[in-house]
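Just below sit the structures, each encoded as structure tokens.
Shared between the two complexes below is chain A, which has chain B as its partner in the first and chain C in the second.
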Partner chain A sequence: MNQKEGQIRIPAGCAIAGVFSRSGERMDGSAIMEAMTVMHDRSNGLGGGFAAYGIYPEYRELYAFHVFYDDTAAKTRCEEFLDRHFDIVNLSKIPVRKVKAITGEPLIWRYFMNPHPGRLADSQLEEKEYTARCVIRINREFTGAYVFSSGKNMGVFKAVGFPEDVGRFYRLEEYAGHCWTAHGRYPTNTPGWWGGAHPFGLLDYTIVHNGEISSYDANRRWIEMFGYHCSLLTDTEVITYIIDYLHRRLGLTLEEAAAVIAAPFWQEIEAMPEEKKQQLTYLRSNFSSLLVTGPFSILLGYQSGMMALNDRLKLRSMVAAEKGSRLYVASEESAIRKMEPQPDRIWAPAGGEPVIAALY
Partner chain B sequence: MRIDAAQLDFKELNRIIKSAADQEILIENCLGQRYIAGGLAGKTVRIFGTPGNALGAYLDGGKIIVHGNAQDAAGDTMNDGEICVYGSAGDAAGYSMRGGRIFVRESIGYRAGIHMKESRDKAPVLVVGETTGHFLGEYQAGGKIIVLGLNCPADQSPVGPFCATGMHGGRIYIRSNTLLRHLPPQIIAAEAVEEDMAEIREELEEFSRLFNVKMEKILDRTFYVLKPDSKNPYKQLYVLH
Partner chain C sequence: MVREFLYPEYEVFRNAGRCNSCRRCVTECANQVHYYDDKTGAMAERNEACVNCHRCVAYCPQKALKIIKSDHCFKANANWSRHTIEEVYRQADGGGVLLSSMGTPLDFPNYWDRLLLNASQVTNPSIDPLREPMETRVYLGPKTQEIRRDSRGRLADNRPKRLELSSPILFSAMSFGSLSLNAHTALAKAAQALGTLYNTGEGGLHRTLYPYGANTIVQVASGRFGVHKEYLAAGAAIEIKMGQGAKPGIGGHLPGYKNVGEVARTRMTPDGSDAISPAPHHDIYSIEDLRQLVYSLKEATDYQKPVIIKIAAVHNVGAIASGIARSGADIIAIDGFRGGTGAAPTRIRDNVGIPVELALAAVDRRLRQEGIRGNVSLIAGGSIHSSADVAKAIALGADAVYIGTAALLAMGCHLCRSCQLGRCNWGIATQVAELSRRLDPEEAAQRLVNLVTAWTHEIKELMGGMGINSIEALGGNRLMLRAVGLNEKELEILGVKHAGE
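And then the complex of A and B:
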């Protein structure tokens, strides 16, 4: 019998890559797919995915939900819920092409929607909070339905397979966006399922992650106090919720959020100038349960930017480069050079030091 | 022999290198292929591009020359021979190396030279022209690590924090006008004296020749030498015993 998610451990590495155009210039998905091909041997075919920003300009004001369904019954149940809570402006199957290496696909649907005005008013919630709660509710309560992308003018595309095959499956060369992030494989030592591939998204935040979170349960217990629910059988999900909580809900800057997730050692804080010391002492003390330990390199995508971050010991590789208005980040320099053979500058960011690019 | 690596994956590229009758091998358009020249001996491999991880792992002789940057774990567990990088190297260069020499013109990432060891006639050497990341020489058990900090402002350390943590053999030489802060307690650090400098003279001259940096430039700052305290180096490293 095939062992399922949670029943077997399969160790492997991972690959991440990202490109961001600060000038907002849109790039199609072929370059990032080629970059992932260079790092093919870091993946094992158990998960691949991409996040792209700026790809739905014609619907830029609407939430774009990408949803996996196990079967039509799950789709019917979920659509009833979506109909009640949102005004659906457009819905369609996400166009895919048949790729030999990609099998067992669920039903994959896309919805462009606005929160239902009456419902939203009744809820007394801000629009993003309302939408996030709907996503969490579906993923938690609707068996066989999984919202894997829920931001505006952006989308997540993921599957079980090698990233380059996943990209061809979703026809990513037909999309154009100012930011792309990508992930190869799947760091949870398990067989993999479509929902558990990276990126993990909530609203317009997406995370791709190479590593393994030793602090997962501590992080999960804390974040679940604030209405989140970790339902995807994999550790990376929790980083997405931590970012959403710190950045969207509490209004911390991304640098502050990075200082919570990859907090400096106390001995380093001790040696800092007084003001910085106070700030970091506050962040470490107040959010000690959101410190993420274990090896990680992550790329965060959000509406107007991209952030790269390593764990403070730099236990996973990460290289960054710049060319003109573009920032490139990847697990390996070779992947960057596939996208841009002659960058203006190429460097390895230190552990715990966020690298952020935002639209001009 | 000339190899265009553009369309080759790492298995094919390494098969060609290993089976080549030619002693001189030139690789062009290299991009991310792993394990290049792994376990090889007696050949000279010149690479243009970006070789992938574990370049020259278990290298047993001969020479690898990289015109570009090396990625992670260059010279992992190498036993003999030489790797020369006209650029930078990623994390963990010289990891567990037990013989041979690595010269890097620019910088190295985290964990350079960790677990280096020596035995009998084998003593590995790692020379870095600019800076290194955290954990340089962690658990070093033998051999020489030399960091020149040639691009480094006079008041900054060319090596990152946690240098020489758990070091219990070998030497680390750092060209710097100021001694590192926060060295682990089992390390003795002192300004290099004439005898110490004589120990690295040959390596410095080779660096100077390879990368065309004048000896006067290399020697215009103080060198510090780090060595383990030979009175029971393990004592109190982790536990009292």
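And then the complex of A and C:
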């Protein structure tokens, strides 16, 4: 039997795309699905997925968990845990349509919940930290259960298949959000596990990523000191934890976090004005084990924005464009033109230079 | 009466056809191996005095000399080797502790050679160090997990003082006294030229070397030789030597015939007396005492100098390091048992301690398990043979490495392992003026610079092959390592997979 993510480290090439409306205008999922079809050859049918923000306005204050279960026994065990740690306001199967190309689906459930107030108080943790620890614990300890989405007013949808088929399977044209990111995967073997598809999410952070980072184990072994557990052994997982740690837990700005992950070269830092030089020297030397090397292009989705970032040598293609209040990013320009044929501006962001769009 | 003659282990071979009796070998050899025999009218030799240092071989204008291993033998015996038998004779004769120099020559496993590095193929690109920046700069010192900002929202650097190195290679502790002043000067000059540091060892700092303070680690060892306020203030960092790989559990010993003149003055000891350090620090009998010494030294230097704790790799090294990482120290140096320069009792050198590879892996893992790896940086030393060993040490979890033996080799040492005799023909481990002046500090410094520069180039090539363009991304990156021929337990301790996995 093939080993799945977590039992083995699997390199993968990929396609990514994203669109963000700064004005908060909601778009349905059809455009981003179209964009992924033109990059069909960048995936090989072994993983596709989407993240959408602003899709659950009626439950905007609740954590939305999307969970894969291998069987009902796993579901029972996990729900017992969820019941103990959260007040579940609503639960249901995630609606899907039968698509010929998508097979072997697990049980796919959605929960809208609040942390259990008593438990939360006892834990002496901040609400997000409490929730994050619950997610990490389920994914680490509950065999057959996998939380693949855990933020508020957002959701991840992913499966084994080509991204356009995955989108149709999840009926994404029926969701509307102000931000969409998408991923098509080209892994180098055939794990066939839905949890291994991307985006990877923790709380409202999601990452889609194209690349294979060479710093993986340096990053993993460092971040695991801070309560994270890399159960999938994928780049995307570790990058998500790094951003969660730097941005949410330490309170660095996204620009500062980007300067850690894709730090400028020392020769560039030396040439900067004194104050900037000091700040970047501090970030780079203090978080040296969170520097990510090797090729990557990532799209980070979070509650109020989206950030695109390339490795500092730009070893993966990534193009950005703007039209009105919208920011588009994709591995290939063709995907952007599919969503917006006439952008106001289109450019290739330099390596290590974050492109950030936030709600007005 | 028992009469014993230990036949020399090495013999001088002189090519009679080439030798023209110029007597250069007589001049070069401080051990008086060579002489001109008036009776025969030819050069002759006292093989029993030869330490096999190759000085005569290198300087013979006629290239007439070589040293060969003697084929003299005892009756074959797999249980009692010639060495073992002769050691018994020597001790029966003299009643003393056997002394030897440099690291153990015995055939213990070398784990570096059982580890292989990765390279990128297809799924990610290798990076060309000739065409792209390839970064080897390292900072040593604690990292903070607490972000502070000033009133304008700028990040405030709240960390203790750190060390900046252009390459993750430092020269390890070797004292003035064990080494000649010229050798020490060469290390200081090379450290300055390279943007790294050398280490005074336990001999104090000669006044002519104070200008190299920014590239100097000043050591405080159990004898406190040469330690005073000005000395502490002179260096960039202070190292407390708790132990060293070649002789864990005992202190240093500089024989009186080396502790003379400037050496004795620098150590603040009587001229010609043996300088013997106590086995323990008598103010450190436990971890809480260490903490007090760390802070005493920091107080004495206004918190401007990082403090390094150097320990020998011993059985419980993980727990020891974990205690040190909570003691206020900034850096831990781990010295493996195969390492060692200078003199050590043979039995201790060959039987006490553990290999640095296993110690480093255990310490790095332990500190991470406890979430305190950021409290300290790690320097690994004790038998780093090449740039590949450096890269492997960093991938296992070191921030930088100490090199000692390799640095001596660069200066001309031929590993004859006779430092304790004080008659180093290469001018390195001697205080005899005629010998030490053989070492030109400028030339030796240049050779040290060449070595570290070459190694740094090689490290860059290895990194580039792995698709890594900054040394930070190699730090603790054990997936870049695979082992060959190690058993499950060794793999578990090293935290690496076997080749093919």
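Convention: the second predicted complex is superposed on the first by the 339 of 360 C-alpha atoms of A that agree within 3 Å, B and C clash if a C-alpha of one lies under 4 Å from a C-alpha of the other, contacts with A are read in each partner's own complex, and residues count from 1 in each chain.
By our rule, a residue touches a chain if its C-beta (ideal position, glycine included) is under 8 Å from a C-beta of that chain, and two chains touch if they have at least 3 such contacts.
Because the structure is predicted, anything quoted here is derived from the model rather than measured.
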Examine A:W266 and indicate which partner it touches, taking first as chain B and second as chain C; both and neither are also allowed. second
Identify the partner contact of A:F226: answer first if only chain B is touched, second if only chain C is, both if each is, neither if none is. second
Could you say whether A:A218 touches chain B, chain C, both of them, or neither, answering first, second, both or neither? second
Determine, under the contact definition given at the top, whether A:I346 touches first (chain B), second (chain C), both, or neither. first
The answer to whether chain B or chain C touches more of chain A is C
Scan A:T103 for contacts with chain B and chain C and give back first, second, both or neither. neither
Partner chain in contact with A:L313 - chain B first, chain C second, else both or neither: both
Where does A:S23 make contact in the superposed view: on chain B (first), on chain C (second), on both, or on neither? neither
Identify the partner contact of A:D41: answer first if only chain B is touched, second if only chain C is, both if each is, neither if none is. first
Touching both chain C and chain B, counted on chain A across the two superposed complexes: 267, 313
Touching residues (chain side chain A, partner chain B) in the complex: 38-41, 267-268, 313-314, 317, 319, 332-335, 337-338, 346, 348, 350-351
Contacts from chain B onto chain A in the complex sit at residues 9-10, 31-32, 34, 49-50, 52-53, 69, 71-72, 90-91, 109-110, 133-134, 160-161, 182
Touching residues of chain C toward chain A in the complex: what are they? 120, 123-125, 127, 132-133, 135, 137, 139, 143-145, 147, 154-155, 157, 159, 162, 368, 371, 373-374, 466-470, 472-480
In their shared complex, at which residues does chain A touch chain C? 9, 11-13, 188, 211-219, 221-222, 224-226, 250-252, 256, 263, 265-267, 275, 278-279, 282-283, 285-289, 291-295, 312-313, 315
